[in-house]
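Take a look at the structures listed below.
In the two complexes below, chain A is the common chain; its partner is chain B in one and chain C in the other.
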Partner chain A sequence: MRHNGLFAKAFSVLFAVFMLAPLVVVIGVSFTPEGFLEFPPSGLSLRWFRAILDNPDFIEAAWVSLQLGVASATVSSIFAVPAALAIGRGRFPGRDALQAFFLSPLTVPTVVLGIAFLRFLSFLNANGTFVGLMLCHAIIIMPFILRLVLASVTGLDRSQEQAAVSLGASDWTVFRRVTLPAIMPGVIGGWVLAFITSFDELTVTVFIVSPTTTTLPVRLFSHITQTTDPLVASISTVAILFTVGLMFLVDRIYGLDRLLIGEGAR
Partner chain B sequence: MPFLQLSGLTKRFGDVVAVEDFSLAVEKGEFVSLLGPSGCGKTTTLQMIAGFEQPTSGHIMLNGRHLEEVPARNRGLGIVFQTYALFPHMTVEENVAFGLEMRGIDKKERARKVAGALELVQLAHLAKRYPRAMSGGQRQRVALARALVIEPELLLLDEPLSNLDAKLREEMQLELRRIQQEAGVTTLLVTHDQNEAMALSDRVAVMHHGRLMQQETPFHVYENPKSSFISTFLGKTNSLTATLKTTNDEGSALVCNGMELAGPPAHLRPGPITVSLRPERIEIVEAGEAVVSGPVIERIFLGDQWLFRIETPIGPLLVVRRNRGQREPEHGETVHLAWTPHHLRLLPKEDEAA
Partner chain C sequence: MTRRSRSRPWILSAPALLLFLVLLLVPLAMTFILSFHSFSFYGGITPTFSLENYIEVLSDGYFYEIFGRTFAIALATTLICAAIGLPQAYFLSRMHPFWRSVMLLVVLGPLLISVVVRTLGWAILLGNKGVINDALRDLGLITSPIRMMYTSGGIVLALVHVMVPFMILAIWAALQRTDPATESAAESLGARPWTIFRRIVLPQAMPGILSGSLIVFSLSASAFATPAILGGRRVKVVSTTVYDEFLNTLNWPLGAAIAMLLLVSVLAIMVGWNRLVERRFAGVFE
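After this line comes the complex of A and B, so read on.
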C-alpha cells in the first residue's frame, strides 16, 4: 500500500467520494426540518423519520420487500445449488447451454423481462400475487447465486467426497455433511447478494406488482413521481442503515464461519 | 486363494486404455506397492478397487467377495488420499469418528475407538484441532487414523507422502510402516517414488502403460529387472546398447561400441540388446585390471557418497562410490574401471519388451 503513487491515491479517494456522496446527500437531506429537499439541511430534525410512522403503506411495502427478498433468495438458492453442482463438475452435452440459460437474466434487458413476466403471469392468472412476484424475483436473482456457488464448487476437492463415500456415507449424507458445508460460504454470499438485488429491484417489479404486493422501491418510485418531500430521503436512510447492518451481520457470520473452517485452533 | 485378487482388470476411457489385463494377488497383511510413472494406470487401478471407477472388464476379489458388484460406500476400505481429503469444517476427532458414525456405532464406543486410532498415530493431544491448523505430516496422520479406525480389510494409500518435504517424507515412511504393521492391515500403496516403494513394501508391482511389468520383492526387482524400463525406473543405472554375440551356460560375449565385453549367461537370442550396469557395482581399479578407462567429466559430492560420470569407449558411465573419507579422483583425471561380468543385466531392447 505504501508504494501507491499519488495518482493511485487520488483515484481511490475520488472513487470513494463518487460512490459515497449520493448516500451522504440522502442521509443529510433526511434530517431536514423543512418540507422540501434541501442540502445541506438548515437544521437537524427527526420530523421525516416520524413521518414514516404516519405512512403505514411504506412500512407495509418494506415488509413485502423483506419477505419477497427472503423468499426469492431462498427459493433461488434451492435451485442454484444443484444447478451449480451439475454445471461445475458434470461433463454432459449442453452443459454450456445450461449455464448460459441460468445466467441469461443478466443479459436480457430488464424491461423486456418485465413485460414477459407480466404477460406470463396474466396468462397463469397469477398477476399481482405474492407467489408470482416471488418466482419472478427468484429468476432474476438466480445468476448472482449461481455464480458464487459455482465458484466454490469449482474449488472443491473431489477426494473429500470420495473419502466420505469410502467411510460409508450415502449420497445424501455426503451432500449434507461434506459438500454443502464446503460450498456454504458461496451459498451464503450468493444468498445475501440475491436478497439485496431483490430488495432493490424496481424495473421488472414495476410491471408485475399489484396494490397489495407493492414493494418498497416501487412505492418510493410512485411517491417521487407525485411529490418531492424529504420522506423518500428518510426512508432511504433507514434502508441504507438496514443494508449496512445486514452486511455487518454477514461479515460477522462469514468471519465466524471462516474461523470455524480455517484457523479454528483454540 | 489370496486375500486380494485382481484378475484381468481392464479400464478403457473411450479409445484410451488406462489399465490393461492387470492381475495381482496380495496376501493378508502384506504391503504391496503399485509403482510407475504418472499416467501408467496405477491410480486408475486404485480407483477401481475403491469403487470410484467401474472396470471395463476383469474382477476384483477381496476375502472371497466380488468387490466390483459392491457400491463404493459398502466396500469398507480405508483410503488415504494424496491431498489427505480431511473434512475442513470438522475437528480431528470428528474427522476420525466420521466412518464410525456412518456405521451407527454408539457414542461411547466411538470415542474409545477414536482415542485408540489417534493414539496409534500419536496425535491424541491434537484431537480438538481443525485440520487447517496442522502441519502436512500431522494431517497425513489424521487421514491415516480416519482410514484405519473403521478396521478396513484393505488399506489403500494414494501417493500419501508426495506432498511432504523430503526430510518429513523419510520420517513418515518409517512411521507408515510401523503403523501398518501394528494395525496388521493388508495395504496397497500407489506411488511414483521408487524409494518409497522399496522402503515400505513387501512386494513391488511395477506398472507401465497400463500393464503390470514385474512384481517381486523390492530387492528382486532392483537386482533382476525384467526390462530396461524397470532398470532405469528403479534406482540409477547405466543403460548401454550392445549386441549379443554368443551365449551359453558359462557366460556370454557382447560387443558394445566396438568393444568386446564378457557378460553373464542370457536367455536372449543373439542380436541387439540393452545392458544395465548399476553404478555402485563399478569399481575403480589399477590400470592393469581395467575393463575400460577414461577421464572424469562430472564429480558430485552427496555427503555419504560420490557420484562420478566417466567418459569411456563404451559411453559415459555413472559410478557411485561410498564416501569413506579418502581421496577421490579429481575432475579430468583418468580412472580405470572394472566390474565382474555377472553384475551386468542383459535385457531385451525396449521396443521388444513393451
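After this line comes the complex of A and C, so read on.
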C-alpha cells in the first residue's frame, strides 16, 4: 500500500473541515446564552435546550416523525422482503423491469412525487392523514430496503433451504426458520436506512402534511424560512445526536460502510 | 420448471407491485392529467383538456430563467463535486485503514443527517453577519460583508456539501475494482505521481465519475430544501416554484405542468447521458 503525501493529507483535512463545518456550527450556536445566533457562542448555556420543552409543537412533530419512521419502514419491509426474494433468485421474464420499477422512486424528482401524492390523497380526501403519509413514505423508502435485502438474498446459500424442504418443511416454515434468519442483517440494515430516510424526509412530506401530522423536518423548515433563532439550532443538535447514536448502533449491528456503500448491492 | 415455480416470483412481488401501481403510477398519471386542466383565481380548477399551462411556461421568459438557473446550479454542483470527489476518493483509497474508516465516517455521516439541519448550518455560515463574513472582517480582509445568502453561489456551495458523498462513493467503488499493481508498474517505470494520476488513475476512475455525475446532477436539479432555505423567494429554482404554485398561489395545474417539464427534462438528460457514456466507454463497463 502506497501512502499519501503532504498535499493529499492537507486536502483531506480541508475536506473534513468542509464536511463538518455546518454541523459544528449548528451544535455550537445551540449553546448560546443570547437570544440570537452567534458563533462561537459567548458563553455556554442550556437555555435553548430548555426552550424546546416550552415548544410542545416541536416535541409533537418529533413524535409524529418517530412514529412515521417506524410505521413506514416496517410496512415497506413487509412489502419489500418478498419482492426482493423474487427478484434476487433466478431469472424470469420481466425481472429487470420489475426491479427498475421498484427502484424508480429514486429517479423521479422528489418534488414531482410530492405533488403526485398530494393530488392523489386530496382526491381521496385523505390528505394529511397519518395512514396516507405512512403509505407515501413506504413507497419512497422501498428502494433502500430492497437494495440491502437483495444484497443478502444474492449471497444466500440455498442448500440449507433445500435441506429443510427435503425434510418436509412447508414453504412458510422454510421462510420463517431458514431464509428470514439468513437475510436478517440485510433486513435490519435496510429497515434502519429506511427509518432514517423517512425521519429526515422533507420535500415529499411538506406537500402532504396537515397541522396534526406535521413532521419534525417540516416543522423545522417552516420555522427556518420565517426566522432563524437558536431554538432551531438546539432542536437540530438533538436531532444530530439522535442520528449519531443510531449510527453507532447500526455500525455495531450491520456495519455503517456496508449499509451506505451497499457491499454486493448493485 | 413447474408451473408453480414459474408464477412464484410474481406472487411474491404482487403485493409490492400493487402498492406501487396504486400509490405511485396512479398519482403520477393523475398529476399528468392535472397539468392539462385550467385554473382561474375565482373558479378554481376546471377539468378541461388544454395545453394552456405548457404554453404559458414555454412562452414566458420568467420560467426559462428559472429552468436555466436550476440546470446551471445542478451543472456547477456536479462539476465541483467531481473536482473535489476524484482526488478525495483517490486519497481515500490510499489511506491507512484507520484513517480511512475515520474519513468514511466524515464523508458518509452527514448523509444520515437531515438536509434541513445541514442547510441551517450553511445559513449560519453564509449570512451577512454569519461566521464566514465575521471571520473575514476580523482578519481585516473585507470591510463590507460578501453577500452569500440568497445567491446561486451559496446554493451551489451547500449543494456540493449535500451531494459530494454520492460522488465520492461512486468514484471510490470504481477505484476499488482496479488493480494497484498497475500503479506500481507505472512507478517502477519512472512515472511521476501526476503522470500516474492522469494516465492510470483517472481513466480507471472514469466510470465512477460518470455514474456519480448522473446521480449528483439529477438530485441537484430537483433539490428543494437547500434552495428554499438559502435562496428564498429571491433565487427561485424549479422545485421551489412548483412548491409556491401548489401551496401559495394554489394554481395546481400550472404547478403540475412545471413539475412534468422538470420530470421530462431530468429523465431526458439521464437517458441521453447513459447513451453517451455507453457509446464512448462501451468497453469500460464490461
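Keep this in mind: the second predicted complex is superposed on the first by the 235 of 266 C-alpha atoms of A that agree within 3 Å, B and C clash if a C-alpha of one lies under 4 Å from a C-alpha of the other, contacts with A are read in each partner's own complex, and residues count from 1 in each chain.
The rule we apply is simple: a residue touches a chain if its C-beta (ideal position, glycine included) is under 8 Å from a C-beta of that chain, and two chains touch if they have at least 3 such contacts.
Values in this document were obtained by computation on a predicted structure and should not be read as measured data.
> Is A:231 contacted by the first partner chain B, the second partner chain C, both or neither?
In the superposition, A:231 touches no partner, neither chain B nor chain C.
> Touching A:209, do we find chain B (first), chain C (second), both, or neither?
Touch status of A:209: no partner.
> Applying the document's definition of touching, compare chain B and chain C: which contacts more of chain A?
C
> Taking the superposition as given, does A:182 touch the first partner, chain B, the second, chain C, both, or neither?
Only chain B; A:182 stays clear of chain C.
> Is A:79 contacted by the first partner chain B, the second partner chain C, both or neither?
After superposing on A, A:79 lies in contact with chain C but is clear of chain B.
> Just chain B (first), just chain C (second), both, or neither: which does A:39 touch?
second
> Between chain B and chain C, whom does A:163 touch in the aligned arrangement: first, second, both, or neither?
first
> Name the residues of chain A shared by its contacts with chain B and its contacts with chain C.
Residues common to the chain A contacts of chain C and of chain B are 260-261, listed in rising order.
> Could you pull out which chain C residues touch chain A in their complex?
Residues 6, 8-10, 12-13, 15-17, 19-20, 23-24, 26-28, 30-31, 34, 84, 87-88, 91-92, 94-96, 101, 103-125, 131, 158, 161, 164, 169, 172-173, 180, 183-184, 193, 218, 221-222, 224-225, 228-229, 232, 238-239, 242-243, 246-247, 252, 255-256, 259-260, 262-263, 266-267, 270 of chain C touch chain A in their complex.
> Any idea which chain A residues touch chain B in the complex?
Against chain B, the touching part of chain A is residues 157, 159-160, 162-170, 173, 177-178, 181-182, 260-266.
> Quick check on the complex: what are the chain A residues that touch chain C?
Of all residues in chain A, those touching chain C are 1-5, 8, 11-12, 15-16, 18-26, 29, 37, 39, 78-80, 82-83, 85-87, 90, 92, 95, 98, 101-102, 104-105, 107-113, 115-120, 123, 135-136, 138-139, 142, 196, 199-200, 202-203, 206-207, 217, 220-221, 224-225, 228, 232-233, 236, 239-240, 243-244, 246-247, 256-257, 260-261.
> Would you tell me which residues of chain B are touching chain A in their complex?
50-52, 72-79, 81-83, 85-89, 91, 98-99, 102-103, 128-130, 132-133, 146-147, 150
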